[in-house]
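Pasting the structures here.
Each of the next two complexes has chain A plus one more chain, namely chain B in the first and chain C in the second.
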Partner chain A sequence: MTALVYLEQTDGAVDEPSLQAATMASSLGGGAEVHAVVAADTAALAPAGQLPVDAVQVAVHEAFGSYAPLAVAEAVVELAGRLGATCVVGPGTERGNEVLAHVAALLDLPLAANCVAVADADARVTRVRWGGSLLEEARVDAPTLLLTVQPHAVAAEPGAGDPPSVETFTPTLSEAALALRVVERVAAATGGVSLADARVVVSGGRGAGSEEGFAPIEELAELLEAAVGCSRAVTMAGWRPHTDQVGQTGTKIAPEIYIACGISGATQHMAGCKGAKRILAINADREAPILQSADYAVIGDLHEVVPAISAAIRAARSG
Partner chain B sequence: MRVLVCVKRVPMTGGTIVLTDDDRAIETRHLGFTISPHEECGVEEAVRLVEANGGESVVLTLGPTEAEEQLRDAMAIGADRATHVVTDGQEWDPQATASAILEAIRDDEAANGPFDLVVFGNESADAGNFQVGIRVAHALERPVATGLKALTVDGGMARCEQETAGGRDVYVLQLPAVVTVKEGLNLPRYPSVPGRLRAQRKPVETRTPERPAPRLAMARLVVPEGEGKQAEVLGEGAAAAPRVVEVLREIGVLA
Partner chain C sequence: MSTALSAVALLAALAVATALFARRAHLLYRIVRLGKPTDRSGDLGRRTKAEATVVLGQRKLLQRIVPGLVHAFVFWGFIVLAPTIVMALLGAVDADWTFPWLGHQGWYFLLVDLFCVLVLVGVVSAFGIRKVQRPARFEGSHLREADVILGLIALIVTTLLGWHATQIALGLNEWPAGWSPVSDALSGLFGDGEATEAFERAFVWLHVLTILVFLVYLPYSKHLHIATAGINVWFGRTRARGRLEPLDFEIEDESALRLGAGTLVDMTWKQMLDTMSCTECGRCQDVCPAWATGKDLSPKLLIMGLRDRLFAEGPAVLGGGEATALVPGAVTDEVVWDCVTCGACVHECPVSIEHVDHVVDLRRHLVMSESRFPTEAGTMLRDVGRSSNPWGKAQSERAAWADGLDVRVLEPGDPAPEILYWVGCAASFDERARATARATATLLLHAGLDVAILGPRESCTGDPARRMGDEFTFQEQARQNVGTLGDAGVTRIVTSCPHCFNTLGNEYGDFGGDYEVVHHTELLAELLADGRLQPPVGEEAITYHDSCYLARHNDVLAAPREIVSRIGRPLEMARSGKRTFCCGAGGAHMWMEERGSAINEERAREAAATGADTLAVACPFCTMMLDDGVKQTGGELRVADVAVLLAEALERV
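After this line comes the complex of A and B, so read on.
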């Protein structure tokens, strides 16, 4: 039994979802040998230190100077073949899923994306649907099990014992793979608090009533140095840009507290704020589904409650 | 130019998900249905591309008879015609889905010439397999860029912008190509009444291939246990504000 895990790196450090994927891979096959593969344009970018794997293979090619999804997949396929891997694992990130989907297409094998649990002996997986609002138990019919690991499904464990051995290889890449790469990076506009990283997020939903209805939400956000978010109903109505949307098809947030104003709590929305440590729901309807996921609630119209909270913060500060 | 956009019919799940008695599907008797969100933007983009460049936009779905509703929705905002790969309501796994779409594309292209762009959602809202578009691209031997938030077509090339943590990554693909898109690519228009009436008269070609044995075979669905939270009600209306401030202090987000 040999498992191969694809690791994503940032500046020579392995990303957290990839460490989690490696941890899941190392639990498979009752002590399978686990190899990791990273793609880099120089061998100097091999990950250093402890990892929960037996060996690291660095695929070195100038094509990896920028992200090249098909090229990475071809390197993974080449190595999986050489190792006789019975399982290929990747992180369930956007790019992890993209690379493994290319691997699955190249090998014409099924791929189970965003798994939270794997029983590889009988090829059974539990995977995420609806952004985590539902789970699916499935059986995979394949000689080589391909899967990605849902971020935060398992805790990353550092390896025990000696650091893994590190080897390099030069993959053979197709013309198509060399052509499919990032050719330009556009930096995000700076300024304001980033929704994904904010310690506090204040969001409005349909209850805001209009574009102008966000004024009290913006005021409270400014007082708390928070990012402003919204629900999908709000972006579809054109009141806020999609970049403000929290949800399954918007931004996933992980603040200390999420203050959700006039948001009912559809599964689409809750899939985006599962990472919040605490939720405060401000809602006129005490039957709203969000109250079943919230830690705190204030029952009332946000247009009355939110300005009162802002006033109380100001009063407390000046007092 | 010719653009194909592939869409999936999904239920609008609302606040809680309830399963059927056999745990193999979502109970949808009381739910409406929609085009999966990323693909709604795919339809809008296909229509805009054809409005700007001329040509034809075609919408395709694989799904039960009722999925014609979503094809009509897409044609109501401007898609010219539709292809419906009709299933008996059972779920098709990603490989089977990709194969059936591929056959439909090959037949359409044999009759009408190649699609310059084939557009998918990055992942469906329900199954979230993240792979059908990439599989079809491989089978067609065309380049594929995923997760697009911006798309510009000019001179036989597609400039594709993908959102990343630090900004946008750009790919330039030679057409014909495959793209998978995300919500936020555009703001889909609302269908007009005349658009809906026109959509009723637009042609829908149906196909009924056999469903292959699934290789990713769903056994059952499970609603994850909630954390059993019962929100602590801090108060009602404006009177709750002082208590909210206390809580914000306690958890350390207010100095």
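After this line comes the complex of A and C, so read on.
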């Protein structure tokens, strides 16, 4: 039998998840021949050095210079057909899953995504479901086994012996595959700090009172180079977009310090900020549940307390 | 026409009508036979009672008195008038023929006249409701079909009256005319000449032919319910209303493994029959909290969508064709996820349609076969399985609410308590809901009960996962908890959470866990009645909000009200008891983002309208939702659990 593994590479070096996929592919079927395929816009980008595969085929086409998952999939399907591959493996990355999904659609076969273990004798796979909460054991009923390998499921092995042979080929691509063109690349919005990664988060709750009531919170956040968050009540009231919501059903945050202003601290909110190292609660209500979880608390109206903090920071910095 | 010729004509008409009816009926029967099995056998007593009350007694319809009476008049009229169909068939053949015995009974013809009038009153009122009043519950219903049916009913009854009137005018009546006041009065319009003889023939034939047209039209229209509703009520659920039918993952035959409803062939035969019983009256839509707050879900449109799909694809599937996905083909994803499983629709439905079971089966397929659900709820599903509670809190914190209280935490090997307090995740972890746990435990200890908690060994019952459609996670939780409770020798349980109450009491039996389960309001009401708790009389105006899973699903109505009336002045909301309005958290909506306007705000406004100072609740989720609702609507109401209010009253002694 022959296995074909699709490799992703960055600047001529094979990515780690792809090496792991190749390692798993080479463990299949006891000495099966393993071919690797990479897609590149010039033959110069062929991977060098040792790989846990027997041969490398470089599909060369100008379309591979940018984002072209369907085109890559057609190249993989063409090569798999030529090799008579009984198994096609890819890395369980976003791109790898996308390419293999296209392969599955082209061949009209099922795809087992994000596998952590494979017993190819009876095509039994164990794969991750629900963001890692569930391991599913399944049997794939198909003439060609299509799967992607969950990153970090196996340790990548460099491969022993001689480096694999490298050949290039030009795949025949359909018009449909070339219809998709990258017109422009836009970097992710850099305005402000991303909530999930922020080291400091300043949030407002119902106590902010209105959309405009967030002005002092935004001011403080700017001074601290912090991200602005909010509670579910604020999103429900339409004062802030859902992308700003901190909570179990919103963004989960893990900052060094979380400053929660006018937030009562409902369980669903606290489930979203339990990763915070320190919580400072500013709340007018001495009975607010958030005080049970806060490391520091100021009892008072956020509209007085927050501007006072901002003023103190400014004074300290200028002095 | 001679008798023989009339007989031939009638038989021909009967044959055509019966053939057309049977052809359609046979197709519908074959479609229902496609359905997956569901056990609706046994419980003959309950089924008979349902037929007697829901069908014959029109109990559900009469929940709305005016449209209920309108329907009841027509329905009862049809039962009373049924023998006149045979009389008319005989009379159509020969004007001198009638039914033996009954055709001579004056009292029967008095009833016939009375119900002819009542049916006509019903039809006219029904037109009035539909054309003048135009209630919102008809939005999306097929109104023209109803007009045709009402017209046919009116024609059947007026031709019957006309026939009887001309019979009396011609002296053909075999019963004393004096018993038929209406027909007798109408007979004055006719002479006894040939013209009347012709009218007599025309009325009876028009009557018979209208009935046959009605018969044929029936199975092709939504008024199919006349044939199916009685059957659907008979096969309705007889076990606890709050219980969901478990899926069997251990089933030997893998092809019979059912993971909810993906296409129509996954629906149970009862679900198929449900769709054929719906007559689009919209009572469900009228009480649905999702629909009331501008969401896509209407239980009526959901059932209609499934029915349309069943009729569109059913014949092809019978011929060996493939069925396509129900979601989003028949209903959209949004509709499936809008449901709070409050069961208001099921409670309202006059023909025993089980809407919630449809929704849960659609969810089961989406969650377990396609991993397709509102992403924000994914954390909850993961945390229920991994952290044993839906918020991912540390289990070691589970008994933290009891710090400083003398509550026994049951260790492995300890003797079983008289009653186990199953606290539930919300009252264990949520700051606001913890007050309920503290008050309940304090009261039970104060009354001298031998009560204990499981502490860190208590785990989520799995209810939110189950209502989300994640039956797999639910069953894992159920088996684990049944094991823990069995090892601890627990036989009697008191819960604070109506969802735990429902799951432990109604659903764990399917997994080998049989306990006597009471809600804390029931136990506290018992202690009040025994005199073991004696609060002073209070004057505070309190309105009590019924939790769906207590009131509607489990009939717990009186106990919380007894407590409220002992400690304050009770005020009822417009929607209360079994017709309560959800707080918005059910069906795992505690862990989903809400679309449209907020259900909890709607309910908070309704509570405020009573003029009460306090909104009493008996569910930790209702506590959180309604407290938020009151704050969001700028209300002044204090939201507190009945147990908290009782404990405070006792402190005042």
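Here is the rule we use: the second predicted complex is superposed on the first by the 186 of 319 C-alpha atoms of A that agree within 3 Å, B and C clash if a C-alpha of one lies under 4 Å from a C-alpha of the other, contacts with A are read in each partner's own complex, and residues count from 1 in each chain.
In this section, a contact is a pair of C-beta atoms (placed from the backbone, for glycine too) under 8 Å apart; a residue touches a chain by one contact, two chains touch by 3 or more.
Computed from a predicted structure; not experimentally measured.
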Larger residue footprint on chain A, choosing between chain B and chain C, goes to B
Touching A:Arg206 in the superposition: chain B (first), chain C (second), both, neither? second
Tell me the contact category for A:Cys115 with respect to chain B and chain C: first, second, both or neither. neither
Thinking of the overlay built on chain A, is A:Glu94 touched by chain B (first), by chain C (second), by both, or by neither? first
Have a look at where A:Ala281 lands relative to chain B and chain C in the superposition and call it first, second, both or neither. first
Quick one: is A:Glu137 in contact with chain B, with chain C, with both, or with neither? Answer first, second, both or neither. first
Which partner does A:Ala75 reach: the first (chain B), the second (chain C), both, or neither? neither
After lining up the shared chain so the two structures overlap, which partner does A:Cys230 touch, if you call chain B first and chain C second: first, second, both or neither? neither
I'd like to know which partner A:Gly250 touches here: chain B for first, chain C for second, both or neither. both
Dual-contact residues of chain A (chain B, chain C) 129-134, 232, 235-236, 242, 248-250, 265-268, 289, 292
Touching chain B in the complex: which residues of chain A? 67, 69, 94, 97-98, 101-102, 104-106, 108-114, 124, 126, 128-142, 148, 176, 179-188, 196, 199-200, 224, 232, 235-236, 238, 242-243, 245, 248-250, 256-257, 264-268, 277-281, 286, 288-301, 304-305, 307-309, 311-313, 316
Under the stated contact criterion, what part of chain C meets chain A in this complex? 371, 376-383, 385-386, 391-393, 426, 429-432, 472, 590-594, 598, 624, 628, 631-632
Tell me, which parts of chain A touch chain C in their complex? 129-134, 206, 232-233, 235-237, 242, 248-250, 252, 265-268, 270-271, 274, 289, 292
Quick check: in the complex, which residue numbers of chain B touch chain A? 13-17, 26, 37-38, 93-95, 122-123, 125-131, 134-135, 137-139, 141, 143-147, 161-162, 164-174, 182-184, 187-188, 213-224, 226-227, 229-242, 244-245, 247-248, 251-254
